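Which chain is which? They are A, B, C and D, in the order written, and residues in each are numbered from 1.
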Amino acid sequence: MKSIEISPSQYVMVIDADRCTGCGACMVACAIENNVAPAHPDATDRTGVTWMKVVKVSSGNNGDGKPACYLPLPCQQCAAETPCVTVCPQNAVEVDQQTGIVFQMSQRCLGCRYCMAACPYHARYFNWWDPEWPEGMEQTLNPDVAPRMRGVVEKCNFCHGRYQAARASAAEHGQASSDPVTYEPACAQACPTRAIKFGTPANNEQGVGDLVHSSSAFRLLPRLGTEPRVYYLSKHKWIRQMAQMEKETSTGEEVHG
Amino acid sequence: MDSKFITRGLERTSLRNFSVWVLFWVVVLGFGLYGAYLCLAEGLNQTNMDNRFVFGLWIFLDLAIIAFGAGAFFTGLLLYILKRSEFTAVINSAVVIGLICYSGAVAVLAIDVGQPLRAWFTFWHPNAHSMLTEVTFCISCYLVVLAVEYMPILLKNRKLKERPSLLVFQHNLHKVIPVLAAIGVFLSFFHQGSLGGLYGVLKGRPFAFREGFGIWPSTFFLFVLSAAAIGPSFPLLTTSLVSKISRKKLVKPEVLQSLGRISGWLLLAYVLFKSVDTLVWINRTSPSLLFSPYEYYNQESFGTWILFAEIVVFGLVPALMLLTRKIREHRGWLITAGLLACAGIAVNRFVMTIQTLALPTLPFDPFLSYIPSWQEIATFIAVIAYGVLLYSFSFRYLTLFPQERDLNSLTR
Amino acid sequence: MFPFVYDFRWEATSLIFLGVFFAVITTLMMMVATVTVRSVKDLRTRKIGTLRWHETFEDLPAGARSCRFAMSGFAPGRSCDNFFECGTCAVYPRFRSLEERHRPEDHESRSGHGGFGIDEKRYYHRGHTWLQEEEDGTCVIGLDDFAARLLGPNPTYQLPPAGSTLKQHQPAFTIQTGESSVRVVSPIDGEVLEAGDSTRGWLLRIRPSTQLPHARHLFRAGEARRWFQAELERLNRLVEIPGVGATLADGGTPVDSFRETRPDANWDGILGVMMLDV
Amino acid sequence: MNSGRLSFLAGLVGMLLIGWVFFPSLLYQKEPQPLQFSHAVHTGEAVGMTCDNCHTFTADVRSMAIPRLSNCKECHSEVLGESEAEKRLVDEFVAHDREIPWRTYSRQPDNVYFSHIQHVQIAEIECERCHGSHGKSETLTDRQINRISGYSRNIEGQIIPGLRFKAWDRMKMDDCSDCHDERGASNSCLKCHK
């Protein structure tokens, strides 16, 4: 696996697959934080909006003591050749150079869904229905996140509403806007097992700077060259190999992260 | 009754028959438009597309009918640029079909996107790196070109040309048609290619991803070549169909055979390049991304038979048929070969869109299936009905086939 | 799209892409503008008549456009590409001299050929009119036998008033017969002196701008015979007329009215195609 | 001049009038302020207040607050001058301890994230850069709301063809991005959008 090319001052997320119990707290926290409307009655698991989605992966008969694992799948915030950015016909997707966050401008989005076809991680979601909140529930909307309308694509942006808030309070303390700020996305905050760590390698918040270099770190489909900013951790070889599509590895040789 | 509007020397069915025919298609169109209206008013939840199967029937059909519409640019290329004057016999019809295909495709695209009113954003904030930007620009420009090319045909209508201003305009417009044809060829080359590039660039879809030259993946060139290959085949089919329905001889058989022969050579070249491309993809491109190409064909509905069908049954076979003089000179076989060739391109477009999306990329992802909803099918039917209506009116009131008067008697 | 639009990208790819796009759009707009300007100019300079004839000529079925020398056998299969303007045709003199050397004018006097009356004194035009020079230097115009049989009984004529100008190959007058009306093109440039009618044997008396012997595009009797023959064959391809065609070789006389033999045919279309009004 | 040309000109003038005069008044809904207020009196030499005397940061430090009644009450617990507005202030609002429902001129659209603290404190941009001479105005004009977009006309700009002559004539995205360009600040979407 290639060494990371990610600027140390950009954010990374490290998800410990061994710790994840599949409880789904991150999914709920994400939806509430980011003003995702309750699913339409006709929505299925393939038409709903779940910026963070936990999938269960079974080992088959090569369990290695762990028959199944859960992988929380947010947008992988690809750092290189970001597939969704190059395909968007009207520059509605952008990689922020400072934070590394891949940002979907729903207001610019045409809803052509080409980015969804391009995304190898299926981490993008289309608003098939008008977002509707039950009477009174719109009062609970997060003012830092703009709701999206029907017919546009949206996805995880590392809770950039929280980033903006952190940025503002950093400014209050006189911090220049070029320095990275410390904040925690809703999913990381909500995880009861602390399986999701977030920060910049430079500041090494929650140890992310070390974790991305650990031997158990891996990323999804690294051969596509997308350099995701979301890392996974697992001590189990089958999980690492499965995620990297490496079916043939000689025994006894450790795959280096 | 309307005989004053029909070109002199052409024999057309009675107004009553024509009205019945039109009425039938208007009803079909109405039904289709209702489906399309639902998709616009209620949103794309009316379709069976979803977050994984983001493109469906519509994109497949868009790609296919835009390839079929290539007849307009290719006949224009043969006639105006390569000076093959025998194709005057089919150019008008090819232009009308091109116009129908492109306007139909654009209309469906407008329904397919989530926010059609933002379509102008692509022009205002274009991302020059996106194949889709290129497609959008080229198709809109080419639609304008086709509309301008259609004008002289329309203005030749018996009643319209009575007006001096229209006559003069038509005359002058006709003089610059070669320039339009050249622009059309240029635009077609790029957007037919970019439609192929749409999928070829998707590294995240190893089934569709292809290497290429510079910014263009190999599918770019394959799409151009395949569109050019059926460019002559599709007018051959439509001409035969119209001939059958109207019970008129429309063009001399030699013209159709000539179209078939050109189609055959191009198709042969396409099959050759497609085979080389497939081999490179199986042996190099796909393995380099750690995807075993054989897995793509393990799925229930998409076996290797589809690859065989695409390249051999609907590629090599019609190519060889069209290149065989004896087969070409037999009307029925000629049409069969044209039909096979067009089906082959449709299969190719199907594979590039539907199969690409059905196959999983993530290792733990399942294979997906998708069946279009009635609203999607209705929208497609609306395009067909629109095409039939526009063509019927053009055929009745305009001169689509100049040779028709020489080939038919005027006895009822 | 434009440099003043937010997030316009000053990078090579964008600039090339937009450059090509604007080039295409500009070319398209320039072309439509040029066509419009030219059209306005053409409308002003009143070339409509000539232009309409050229357009009509282009629209004629291929069978109606054969060269006169194709009919006489000197240029087999040749189509006219000069709008029947033999006076300005480049190949005319060559074929004409050939014709004169190899087949001296057929003086065999016959009152008719294929049952059509052909008058040695008359000049025939491809729109099925004839011209005859009178003693006072004026000319009279009439419809030939072929046209008379196409039109059927009792056609009505809308003739131009005295003083009108006629232009060669451009509509001179209109005939109404049954449900169809057909415009008859003028065989020559000239000025209308008097309108006649069918009982007087001619329809218009004119003062031609060209002296008839110099009007190269008109047929004399010998050529007219071959042309009538070709026209009959053309008609027969459009509609099978009993008593014409195969029987003609025997010198049989065609029926007086083609119409009556085949009332079911599309006579409006036939009239237009045969009389150069499509 | 013939009648055709005359009627063309008349039509042109008519349409221009409709477009430039009638249509804007139709497009924008006028909302009067609940009370008249003279910034000029307060910031003038006699009183000598500055903007941040009343417009302080909100709790989340992103916005500048519209003054609350408590700000006013600091001086205006009783009628000080002779103006009608001030009498109303005391009678209608101070006496009943009722907040004045001021109408905000420059509220950005929902999808815009604007942080005053970053602009005022970190970048040290003067209030006038965006708000112009509002702090020296004698009266409060009506707020004009675009009936279609719901945005204030102060965002879209008062000049009908959409031109900007002074930095504060408009507060559209282009105006933000121009200033970001000038100062070398990032123009990434994420910087201002949410």
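We adopt the following convention: a residue touches a chain if its C-beta (ideal position, glycine included) is under 8 Å from a C-beta of that chain, and two chains touch if they have at least 3 such contacts.
Since the structure is predicted, the reported quantities are computational estimates derived from the model, not experimental observations.
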For subunit A and subunit D, chains touching each: none
Higher-contact pair (C-beta pairs counted), C-D versus A-B: A-B
Most distant chain from subunit B by Cα centroid: D
Gap in Å, rounded to a whole number, between the CA centres of subunit C and subunit A: 77
Subunit A and subunit B, separation of their C-alpha mean positions in angstrom: 40
Subunit B and subunit D: spacing of chain centres that average the CA atoms, whole Å: 54
Junction residues of subunit C, two or more chains touched: 6-7
Residue numbers of subunit A (touch at least two other chains): 91, 108
Residues of subunit B whose C-beta touches two or more other chains: 124-126, 129, 133
Chain contact graph, described as a line, ring, star, complete graph or other shape: ring
Interchain pairs in contact, sorted by label: A-B, A-D, B-C, C-D
For the subunit B and subunit A complex, residues of the former touching the latter: 43-45, 50-55, 112-115, 118-119, 121-122, 124-127, 129-133, 136, 198, 201-206, 288-291, 356-357, 361-365
Residue ranges of subunit A touching subunit D (in the complex, touch as defined): 94, 96-99, 101, 103, 105-108, 144-147, 157, 160-161, 164-165, 167-169, 171-172, 174, 176-177
Footprint of subunit A on subunit D - complex, ascending: 60-62, 110-111, 113, 115, 117-118, 121-122, 185-186, 188-191, 193-194
Interface residues, subunit D side, partner subunit C - complex: 173-174, 177, 187
Subunit B-touching residues of subunit C, taken from the complex the two chains share: 1, 5-7, 9, 11, 13-14, 16-18, 21, 24-25, 27-28, 31-32, 34-36, 38-39, 42-43, 48, 51-52, 54-55, 59, 61-63, 179, 237-240, 262, 264-266, 268-273, 277-278
